[in-house]
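Below you'll find the structures, each written out as structure tokens.
Shared between the two complexes below is chain A, which pairs with chain B and chain C, respectively.
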Partner chain A sequence: MSPGLFIQLIVNALTIGSIYILMVLGLDIILRGTKILNFAHGQLYMLGAYVLLLFFQTLNLNFALALILSGATLALVGALSYLGVFAVLSRRFTVSTTFSYRLLLSAMASVGLMMILQQGTLLCFGTQERGILSPFPQIIDVFGVRISLTRVVIIFLSILICIGLFFLMYKTRFGKIMRAVSYDPEAVTLQGINTFWIFVSCFALGSALAGLAGGIIAPLFSVTPSMGQNIIFMSFLVLLVGGIGSYRGTIAGGLLVGLLLSFGFQFLGGIAELFVFILVIVILVFRPGGLLGEATE
Partner chain B sequence: MRRICIFMVLAAVLAATPLLIACNAAPATPPAPVSAPATEAKILKLGCTLPFTNSLGIDTKKALEMLVPAFNEAGGLTVKGQRYNIDIIIYDDKYTADGGRAAVERLVNEDKVNYIVCQVGSAPIVAGLAVTEPAKVLVFCGGASGKIIAPQNKYTYGTATWRTNLAPLFPLLTKSFPNAKTMVNLSPDDETGKALAADNAKVATALGIKVLDNIFYPRDTQDFAPFATKIMVLNPDIMDYPGAVAGTQFGLQFKALYEAGYKGVHVSPMQPNLIEVLAVTPKESMENLISIIPSTDVPNPSEMAKKYKADWVAKYGEWSSASLNWIPAFYAFIEAVKKADTTDAEAIATYLSANGVQWESPNGKGMLVKRPDLKGDRFCDTCASLDFGIFKNGKYEYLGTLSPEESLKANETAFGGTWK
Partner chain C sequence: MKLLNSSTVSRNSRLKLGAIIVALAVLIILPLCIESDYIKHLLIMVCIGTILGMTFSMLYSAGLITLGAAAFYAVGAYTSTMLVTSLGLSFWAALPLTIIISAVLSLGFGAIFVRNAGVAFVIITLIFVQVIVIAAGQIEFLGGWGGIMNIPRPDSLGPVEFVSKRDCYYLILAILLLIVVIYNAIYSSRIGRAWRAIKLSPNLAGTLGINAYRYRLLAFVIGSTTAALAGCFYAHYFQNITPGAFAGWLSIYVQLYAVLGGLEFYILGPAIGSVIMTFVPEYLRVVKEIEPIITGLLLLIIILFFPGGILGTIKNPPDFNLTQLKSRLNRMRISKAQGDKS
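Our next item is the complex of A and B:
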């Protein structure tokens, strides 16, 4: 394998891996914070792409501003979704409602939310695929290796968002509360903190990350109402590979799956996706909690 | 006594029934009014299934919604002196076998249609054959799969040119680029993609072009960078895209190859939807694309093509050519009914299979041909006029037009047998 091909494959892996990382970080924050397995996460990603299309292409705003607005809009959509669906549902839970039953009901509610968002998008934007011309069309040629600037920007923005997220979660009081809620919400409540708004914030933050992922990827791919369905399945696999509740695991899982798909496709063809499933099975057998996560109930 | 009364009433009703029927059936006098049932237009129900998720389906739906009312307003269809207006029922087939089967079942079993026209994708069409053939439903459809025109099908006709435009297209390619000797096919991994990749490889090999690889991708793929990287390692002179939806996804393929540094020739038997393609990729990525071009965009388009484009712009605003490949099925159906002079699907099929039919649509002239190479002896496939162009310096340049007869000859040479 030539060095040029190697670098090209790495760039491809990092691009797709970084999008998985953003998706799964959002999914994980929601799951840990609110104990909701959010199947509508893919639709939030899709909505992020449509919101970027609206701000960047239709309203001709600056790309960075359009991306920020995309994240902010999805945070709002996420918060409203939590207040309108999951908060209402959780009021019906009693002390005797088991954790697995809560998880199941929340997951079912998220499937309903998924359908609402999907059909709502179809009604608003129609079924047709839409394209966004990349604001970074340049090709970087380094010693004969051609790398699209769009891909470099995607990787850079993803790293930036991850750093920002780590700062928020580990260096701020708000982040510490969010993490505390994910371990023991009752104990946090006993400290005099209103956990309800923390739950809302978790859902909003997770949704914002999905929206940012959709917005970042929109200029590279096309924007379609079905784009969320394609990524959510792979995101759950990355979550299992990396381990639920581990940010480092999520990053490791995203990169590993990205590399596996990129190199696997080059040398094995379409069968490469099968190896992701095999990897998940192997990890679940030998490390049920994922690469860097912990096996919990 | 009561039983005898009931018996007598029943007997009277039975005796009167033929009289009542006779009176209704023969209103000899007074003379029929102007709007008598015999001259009143009847309804001919046509079914159609299309993917509502891409421009091929959406634009074909728009086209039918524009053409059918205009056709009815112009007098509709007259068969044996009876006028018929057409009612078109269109369902989403999701471009999948499951979706296609469900939509066709609904058309045949619930809506009771006897004719289906203008379907786009092979997967839904082939899946629907299991319903339409036993029900003797006449199908005029697009789709590339050879299964559509298989000898066992008696009521199905392929009216798009996907199976017959390769033989005329490839000699043009080798003439324009004589040094291009190797090719890679990039196709969707479904019925359409696999059927067309096999056909393209066959024609290319016959012309001395070596097919380095057939690479297949799932129909909903958006990230073509891994494919482009693999293709660059193979380094082909020609890139072929059999079965691609020539809209946004086509653009993503060009973009990925352009970013990976591909500078060879592109060939496509499909007309690219430039609005969608150029929404995702720069013009430079399409350089050296030889393809069929819309018959509305040639230097001297036919009156029919000009009118179609003008009507489209008047109704929908921005012009899109994506429907042009699929609407000939509607015109072929109309001509078939006129020639057979019956609305009976079985009689039309018998007529067509033995005699074929010719038509003119906004996409040019077309005719049904036989496919002896596929062991069929009925008229079932289509040779049509083809307009070719090459994308150079950011725009299409017209290369030339072949008549249906010239297309027929090129196919007879490539595949063998007498097709007419």
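Our next item is the complex of A and C:
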């Protein structure tokens, strides 16, 4: 293997990995904050790409501005869907509601949401693939290796978003409340904090991350209505590898799966996915809670 | 006997017995009254859907939520197909072998999966379906993405040849009824009670000497083996299998059957959900474009407003809290009057 190919594969791995990390951080924030396994996350990702397409291609806005707007729009979509669906649902739950019942009903509600969003987008935008002209078409030359600038920008933006997220979660009061809610909502309520709006903002933040992930990837891949269904399985896989409820685990899992897929597709072809799955099962044998998480009852 | 006759329990059980006999009669006579082969095909799919829904309910009764009903359905279909086409066994020899093979496989995988209950188990089972589908698609020996064609129908059993849809329907109905009887026995046995205890609280069940892991593993193995049995029938009925048939959201539809019919009704719930979810989309074909939107909305409405499912709503009609509303209005009126006074 030539060093040039190696570097290119590493860059590819980082690109896919960073998208998975953004997706899974969103999934994890929603799952821990509101106890919803969000199946509509892939559709939020797809909507993010379409919103970027709308702002960047149709309205000719600046790429950065379009990206921020697509994140903000998706936060709004997330908040509205939480208020419209999950808030109504969670009013039904009491202290004695079993965990499995709560999980099942909220997951099924998100499946309903998924169907509506998926088919709604299909009706609005049609089934054809759309491409976004990359705002960074240049190719840079690093030690004789040709790397597309778009990929570098994707990695850079993802790192920036992750840093912003960690600042929000660990350095602000709001982040502290969110982390507290994911441990024990009742205790937070007893501190005089209105947990309802924290739930809403957890869901909105998770949706915004999905939207940003979709917006970032749009210049690289074509935008299709089926892009959400394809990524959701891999995102769940990364969530499982990294361990639920561990941000460091999510990042490690995203990078690991990105590397495995990138090198696997190069050397093994389509069967690479199968090897990734098998590896995950092996990891789960030795670490039932994922790489850095803990097994839950 | 006299004593029992006078009690209401006996009247209830006699009513139940009557209902069961009537339902059985309808199920047996139904294909004789229907001309269309297409409707008969739908009836067969309803039976398969009911079996899959019942496996979901069985795991749910032990507090596990599976999205992997399709995984062992596919395993059963592929195992039986390979046994019949490659080894040249007859369907009736392949059937018990399929059951044994999938029971062993589900014990092996279940031992890993069941260690995580809760969210991780949901995700693992969902991913496991993808693993099976990709494995079937990538391995040439299993027919690749094109699948396997021309799987023979079940061999004739005496005078009965399983050529017409009617005979296939009776075969799957017999399988379904057998499973219902077995499941019913399990639910009312010690095992079923242990599952219910684990679902309420695994820790509490543990203090009572119930090994939650082993009982959940048992539920996983029984459920998976049943799904494999349904898959075995499906392969030989449909006569061709492709990995795509098991992919994607089939497992989620299975879950929908159970939620729609009523989660607390482990046998009747999936049956009713399966009937509705098979026939309603067929008649929504006219508006094919917005069919998923209607299905999604239907799902949301049921979950948000009738969480007991159809049977649960019939059993305990929702109380729209009229009295509460009235008292709240009264209180508002009183406080307003007090405000006026001061």
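Operating definition for what follows: the second predicted complex is superposed on the first by the 297 of 297 C-alpha atoms of A that agree within 3 Å, B and C clash if a C-alpha of one lies under 4 Å from a C-alpha of the other, contacts with A are read in each partner's own complex, and residues count from 1 in each chain.
In this section, a residue touches a chain if its C-beta (ideal position, glycine included) is under 8 Å from a C-beta of that chain, and two chains touch if they have at least 3 such contacts.
Since the structure is predicted, the reported quantities are computational estimates derived from the model, not experimental observations.
Undergrad: Just from the overlay, do chain B and chain C fit on chain A, or is there a clash?
TA: Chain B/chain C on chain A - fit side by side.
Undergrad: Taking the superposition on A as described, I'd like to know which of chain B and chain C A:F233 touches: first, second, both or neither.
TA: After superposing on A, A:F233 lies in contact with chain C but is clear of chain B.
Undergrad: What is the contact status of A:Q128 with respect to chain B (first) and chain C (second): first, second, both, or neither?
TA: In the superposition, A:Q128 contacts chain B only.
Undergrad: Specify the angle subtended at the CA centre of chain A by the CA centres of chain B and chain C, expressed in degrees to the nearest 10.
TA: 70
Undergrad: Which holds for A:G270: it touches chain B only (first), chain C only (second), both, or neither?
TA: Both partners.
Undergrad: Looking at the overlay, what does A:L261 touch: chain B (first), chain C (second), both, or neither?
TA: In the superposed model, A:L261 contacts chain B only, not chain C.
Undergrad: Would you check which partner chain A:M108 touches, where first means chain B only, second means chain C only, and both and neither mean what they say?
TA: Touch partner of A:M108: chain C, not chain B.
Undergrad: Look at A:I139 in the shared chain and tell me whether it touches chain B only, chain C only, both, or neither; answer first, second, both or neither.
TA: first
Undergrad: Between chain C and chain B, which one touches more residues of chain A when both complexes sit on the common chain A?
TA: Answer, by number of touched residues of chain A: C.
Undergrad: If we overlay the two complexes on their shared chain A, which of chain B and chain C does A:G192 touch? Say first, second, both or neither.
TA: A:G192 contacts neither chain B nor chain C.
Undergrad: Using only C-alpha atoms, work out how near chain B sits to chain C after the chain A superposition, in angstrom.
TA: Scanning every C-alpha pair, the shortest chain B to chain C distance is 7 Å.
Undergrad: Just to be sure I follow: which residues of chain A are touched by chain B in one complex and then by chain C in the other one?
TA: Residues 270 of chain A touch both chain B and chain C.
Undergrad: Where on chain A does chain C make contact in their complex?
TA: 31, 37, 39, 85, 88-89, 92, 98-101, 103-105, 107-109, 111-116, 118-120, 123, 229, 233, 236-237, 239-240, 244, 270-271, 273-274, 277-278, 280-281, 284-285, 288-290, 295-297
Undergrad: Could you pull out which chain B residues touch chain A in their complex?
TA: Going by the criterion above, the answer is residues 52-55, 58, 189, 215-218, 220, 222-223, 225-227, 229-230, 232-233, 247-249, 251-252, 259-261, 276, 279-280, 282.
Undergrad: Applying the document's contact rule, which stretches of chain C touch chain A when the two form their complex?
TA: Per the stated touch rule, the residues are 60, 63-65, 109, 112-113, 115-120, 122-124, 126-127, 130-131, 134-135, 138, 199-203, 248, 252, 255-256, 259, 263, 289-293, 295-297, 299-300, 303-304, 307.
Undergrad: Enumerate the contact residues on chain A facing chain B in the complex.
TA: 5, 8-9, 12, 15-16, 126-133, 137, 139, 146, 148, 151, 220-222, 224-227, 230, 261-262, 265-266, 269-270
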